[in-house]
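Note that the chains take the letters A, B, C and D in the order they are written out, and that residue 1 is the start of every chain.
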Amino acid sequence: MTSTPSDVSDWWMTEIIDMAPGQIRLRGHPIEELIGNVSFPQMIWLMTRGDLPTPEQAKLLECALVAAVDHGPQAPSIAAARMAVTCGLGLNGAMASAVNMLDDVHGGAGEQAVELFGWIDTAVQQGLHVEDAAAQMIDRWQTERTTFVPGYGHRFHKPEDPRAPRLLNLVDDAAREGIVSGRFARIGTAILQILNSRKGKPIPMNIDGATAVVYAELGFAGQLARGLFCLSRSVGVIAHAWEQMNQGGRNKGPTPPAYRWTYTGPNPIEDKS
Amino acid sequence: MTSTPSDVSDWWMTEIIDMAPGQIRLRGHPIEELIGNVSFPQMIWLMTRGDLPTPEQAKLLECALVAAVDHGPQAPSIAAARMAVTCGLGLNGAMASAVNMLDDVHGGAGEQAVELFGWIDTAVQQGLHVEDAAAQMIDRWQTERTTFVPGYGHRFHKPEDPRAPRLLNLVDDAAREGIVSGRFARIGTAILQILNSRKGKPIPMNIDGATAVVYAELGFAGQLARGLFCLSRSVGVIAHAWEQMNQGGRNKGPTPPAYRWTYTGPNPIEDKS
Amino acid sequence: MTSTPSDVSDWWMTEIIDMAPGQIRLRGHPIEELIGNVSFPQMIWLMTRGDLPTPEQAKLLECALVAAVDHGPQAPSIAAARMAVTCGLGLNGAMASAVNMLDDVHGGAGEQAVELFGWIDTAVQQGLHVEDAAAQMIDRWQTERTTFVPGYGHRFHKPEDPRAPRLLNLVDDAAREGIVSGRFARIGTAILQILNSRKGKPIPMNIDGATAVVYAELGFAGQLARGLFCLSRSVGVIAHAWEQMNQGGRNKGPTPPAYRWTYTGPNPIEDKS
Amino acid sequence: MTSTPSDVSDWWMTEIIDMAPGQIRLRGHPIEELIGNVSFPQMIWLMTRGDLPTPEQAKLLECALVAAVDHGPQAPSIAAARMAVTCGLGLNGAMASAVNMLDDVHGGAGEQAVELFGWIDTAVQQGLHVEDAAAQMIDRWQTERTTFVPGYGHRFHKPEDPRAPRLLNLVDDAAREGIVSGRFARIGTAILQILNSRKGKPIPMNIDGATAVVYAELGFAGQLARGLFCLSRSVGVIAHAWEQMNQGGRNKGPTPPAYRWTYTGPNPIEDKS
C-alpha cells in the first residue's frame, strides 16, 4: 500500500495486507467481511497461508491449538512469564519473555517432527512401505541431526501423553471424512511402533509429535508448526502471568528463598549462619 | 500437582493446571475432553478466567481476536518481527521481539480504554447520564493521566477505522440477543460523540477502543485486554515473519541501505562520496 | 550519514554516529582513535552523554559497573537466562530474556532512586537542610508513588549490603579529590539515617541505592541509571548462561522435577501415584 | 550458597557466586575487594572465565569491547531499540528487543569466526603452513556450513572496515610484548589474503572477524565471542534508545508514514487517494 510507489515502499513488500484510509484488506479480504464471519483458526490459516480453509480444516487446526495451551509452571517458559510480571512487566513483556524460550529444544520439536514426517512421506511416495521408510528415516535423523527423535518421549507423561491419542483419533475421523489424507497419522504411528519396539518399552508420542501430525496433514510448513505452537502456548502464558499478577510478589525467584543455590566454586563462605 | 507436598511445591501455586503421569486437567477439565469439543476462543476464555463461556460469548470474543491480527509493516512490532528473522531468529524469537513492543503506548491502549470505560460505567451506575459521565471521566483522564484518550484517534484511518463500526454492530446484535448488556457500547459511543464535538471533526474510534468495548462487555479485566491484543496481533506477526523468511534477506534494516540516516552531531564526515 | 539527504534519511536522525565507506565516527571521534585509547567505561559515557569523561570520572563509573554484575540464580533474571539456554537459545537470546526482566520492580529502582535524590537535591538548593529535605521527600515519594523507598532495604543482605559502604567510600574519596561534589552521597546517607530511625532497626542501602549515588554524582539521568544497571548485570547473565550451557540440560524448570507445583483449583486429580 | 543443603539447592549449582547475609563473593573474591580494584573488562573476564586476567590482557579485551559498540540505526538491532522506546518500553525492554536480534546472522558471525580460526589453528599445529590450512578450512567451511566466510566482507565498508586494521595492529603490539601469541592474527590475515585473491578484489575483514581475532588470541570460547559482542553493542543500543526517548515519538515505524509499503497480493485497493 503506498501513495508514492518508490524504492522506499518497495523495501517493505507484502502479500498480506493492503490499506487505504478507512480500508484494510487482509489477503485481499476486506477486514469488515472477515470479522464475525470467519473463526479465529480460519483467520490464522488465512494470514499464514493466503487462502481460507474450509470450516472442517479449520476445526482440525483448532484441535491442535486447543491441545497445546499449557504444561504448567515447571515449564521454563511458564515460569519465566510468572517471574516476569513480578519484575514489573505487563502481559506483553511476560509473553515475550516466555515465547522467546520456545526455541529449538522445545518449540523446535514440532518443526523438526514435521520435517521428519516429510522425509518419510517422500520415501513412501517413492515406493517404500511406511514402516520401512520410517525406520530408515529415523536412522538418518539420528545420524545427521540428533539422537532425540522429535515428537516422541516425555519425562513425565508415561506411558502415554493424553493429548496424543485424542488428537490422532480426531485426525482419523477427519481422514474418514476426506478432510485430510491420514498419511501423516500413519507415519506418526509407524514411528511410535518402531521406537517402542527398539526401546522395548512404550515411548509416548508427545504434544509436539501429535500436533505435528495435524499440521502436516493440513499442509503447514515445519517452521509454521513452531509458530502455531508459540501461539497456542501463549494462551497458557497469559493465563499464568495474569494469575501471578493477582497473587502478587516482587522479583519472584525460582525456588523458595530459604533454599538458595549450591555454590561449588573456590573460596566458599564458611560461616553462612 | 505434587508428589511431595512441601514449601517447594507451594512456591509455584496455581488454579490453572493439574497433572499426573498420563493426565492433564485445565481448570479442572481433562484435556482430552476439551480437545475437539471447545473452540480456541473458548479455551482462551477458560484459561484466563476459569469458567467456560457460552458459544455465543466465545463468538463475540472471537470477533475481537479476528479484528486485531495485523496492521502492516509500518507498525513497529511487525517491522521488528520481519527484521528479526533476517538476523537468524526463528518464529518464536520473531514473535517475542514483536510482542515485547506491544507496550503501554500501543498494547496498553486497550487496557487503558477498558479502565476508562469502567470509570464511566461506575459513574452511570451511581446515577449519571452516560453523556455526562463520559464527559467528566474524559476530563479526569486527561488531568490525571494523559491527553491521549485511549481507544480514539488514528493517524491513518480517517474519518473511520473500518474495524470499529463492524465490531460495534456485532456488540449491538449481541446486546439484542441478551448475550451482553450493551452498556459499554453506549459508553464507547458516548466518548466518540464527545470527542467529535470537542474537536469539531470526526475522530475515529480505533481498534483498541472497539476491542475494549467487546472485552468490557464480556467482563475481561483491563490487563487481559492487553494480553488478548498481544495474542491476536501475534497472528500477523507470525504471518509477516514467515513471509520475510521466504523473501530472504540478511540483517534487514528499516530503510533501503542507500538512504542511511541523517547525522546531526559534531564533526561530521565531510566527504561521503 | 546519507548520500541522498531526504525525508527518508531524516526519519532516522542521530547525533551519535556518522559513517562513510571506510569511516566511522562516534560522537565525532574516528573509531580508530577511540580503540586502544579510551577505556570501556569512557566509551559508555561518550556514547550515552556525548562527551568524553576524565579518567577519574570514568573510574568512578567503572566502580558502579563492577559492583552490580551479579546476584546469583535466585534472581529471576539470572534464572531466566539459565533456563533460556536449556531451551536452545544462544547467549544473545539468554541475555535478552534476562534483561527484559530488569523492569520497574528491579531495574527501575536505580532509576527511581536517582529521581528521589534529585527531588531532595533541588530542595537543598532551595535552602533546606539535607535531613529535612530527605524527610520531606521520602514522605512525598510514599504519598505520590509507593511505600517502597527505592534503593533501600534488602530481603537477604541484612544489616548491610556489602556493596553499598564500599561504593560510598569511593564516592567520598572522589569528593575529596574534587571529582564529584559528594552531595548525593550526603543525600543517600541522610535517607538511610531517616529510614533506620523510622523503622527502629538498620535498613541497608542496597545496590540500586548505592549505584544511584554514583550515577547521580556523575550527572547521569535516572533512565540511564536503569540502562547502566542492565549493562552491568548482563555480565552476570552471560557468565551464568555460559555456565549453564556447559552444565547441559534440556528445558530446565525452576525446581527439581519431582517437586512439581501445588494445584489449588477445582476438580483436582485424586490419585497421582 | 544454602542454609539447607538439599536437592532443591542443588538444582541451581554454580561456581560463580557465593552469598551469605552481608557477604557476596564472585569467583571466590569478596565483592568489596573487586569494586575499585579491578576494571570492568577484568570483571567481565573474571565472571565468564573464573580467573582474573592481567591488566594487559584486560586492555586488549577492552579494545574489542570499545570497537563494536555501534553501527548506526540502519542496523536492525539499533532500529528495534529506537522503535521499542516509542512503544513505551524502558531501556531494559529496548535492550532486550535489540540484543535478541544479535542472532546467528549477525551476533553469530564472531562466534563462527572463532570456530573457523580454531579449525585452522589445529591444522597448523598438525604441521600445515598457515596459508594452506586457511585455504583448506575455508573450503571445508563453505562445504559443511555456508558460503559466507564469517568475519569477512561488508556491504558498506569497502575496501576496508576501519576497525579491523586498528584492532590487528593492537594485537600485533600485544604479540610483540608477549601478551598473546599472535597466531590468530596470522590466521585472520591469511584468510583475508586468500579471499582477496579468490575474489580478485579487496574483501574487508569486518568487525566480527577482527574482534574474533582478539577473542581467540585471549582464549575465549566461540559462544562467548557472541556474548561479548552483545555486551559491547548494548552500549550503542542504550545510547540510541536514550536519544530516541529524548526525541520523542509514538509507535515509530521503519519509514516515514507517507511511504507505507508495497502490496503485491490479490485484490488490491484500487483507489487509495
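Heads up, the rule we're going with is that contacts are C-beta pairs under 8 Å (C-beta built on N, C-alpha and C of every residue); 3 or more make two chains touch, one makes a residue touch a chain.
Bear in mind that the values here come from a model prediction, so they are computed numbers and not experimental data.
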item	value
Identity of the chain that, by mean CA position, is farthest from chain C	A
Same-residue or different-residue interface between chain B and chain D, half as cut-off	same
Candidate from C-D, B-C or B-D with the same interface as A-C, over half of contact pairs in common	B-D
Centre-to-centre distance between chain D and chain A (centres being mean Cα positions), rounded to whole Å	31
Centre-to-centre distance between chain D and chain B (centres being mean Cα positions), rounded to whole Å	35
Chain A-chain B separation of Cα centroids, rounded to whole Å	22
Shared-contact residues (touching 2 or more other chains) in chain B	1, 8, 10-17, 19, 23, 72-74, 79, 93, 96-97, 100-104, 107-108, 156, 254-256, 258-261
Chain A residues touching chain C - in the complex, by the definition given at the top	8, 72-77, 79-80, 83-84, 86-89, 93, 96-97, 100-108, 155-156, 250-255, 257, 260-261
In the complex with chain A, residue positions of chain D that touch it	1-6, 8-20, 23, 25, 27-29, 50, 93, 96, 100, 254-256, 258-269, 271-273
Residue ranges of chain D touching chain C (in the complex, touch as defined)	1, 7-8, 10-17, 19, 21-24, 26, 30-32, 34-36, 38-41, 43-44, 47-48, 62-63, 65-67, 69-74, 79, 82, 90-93, 95-97, 99-104, 107-108, 111, 156-163, 165-167, 170, 221, 223-224, 226-228, 230-231, 234-236, 238-243, 245, 247, 255-256, 258-259
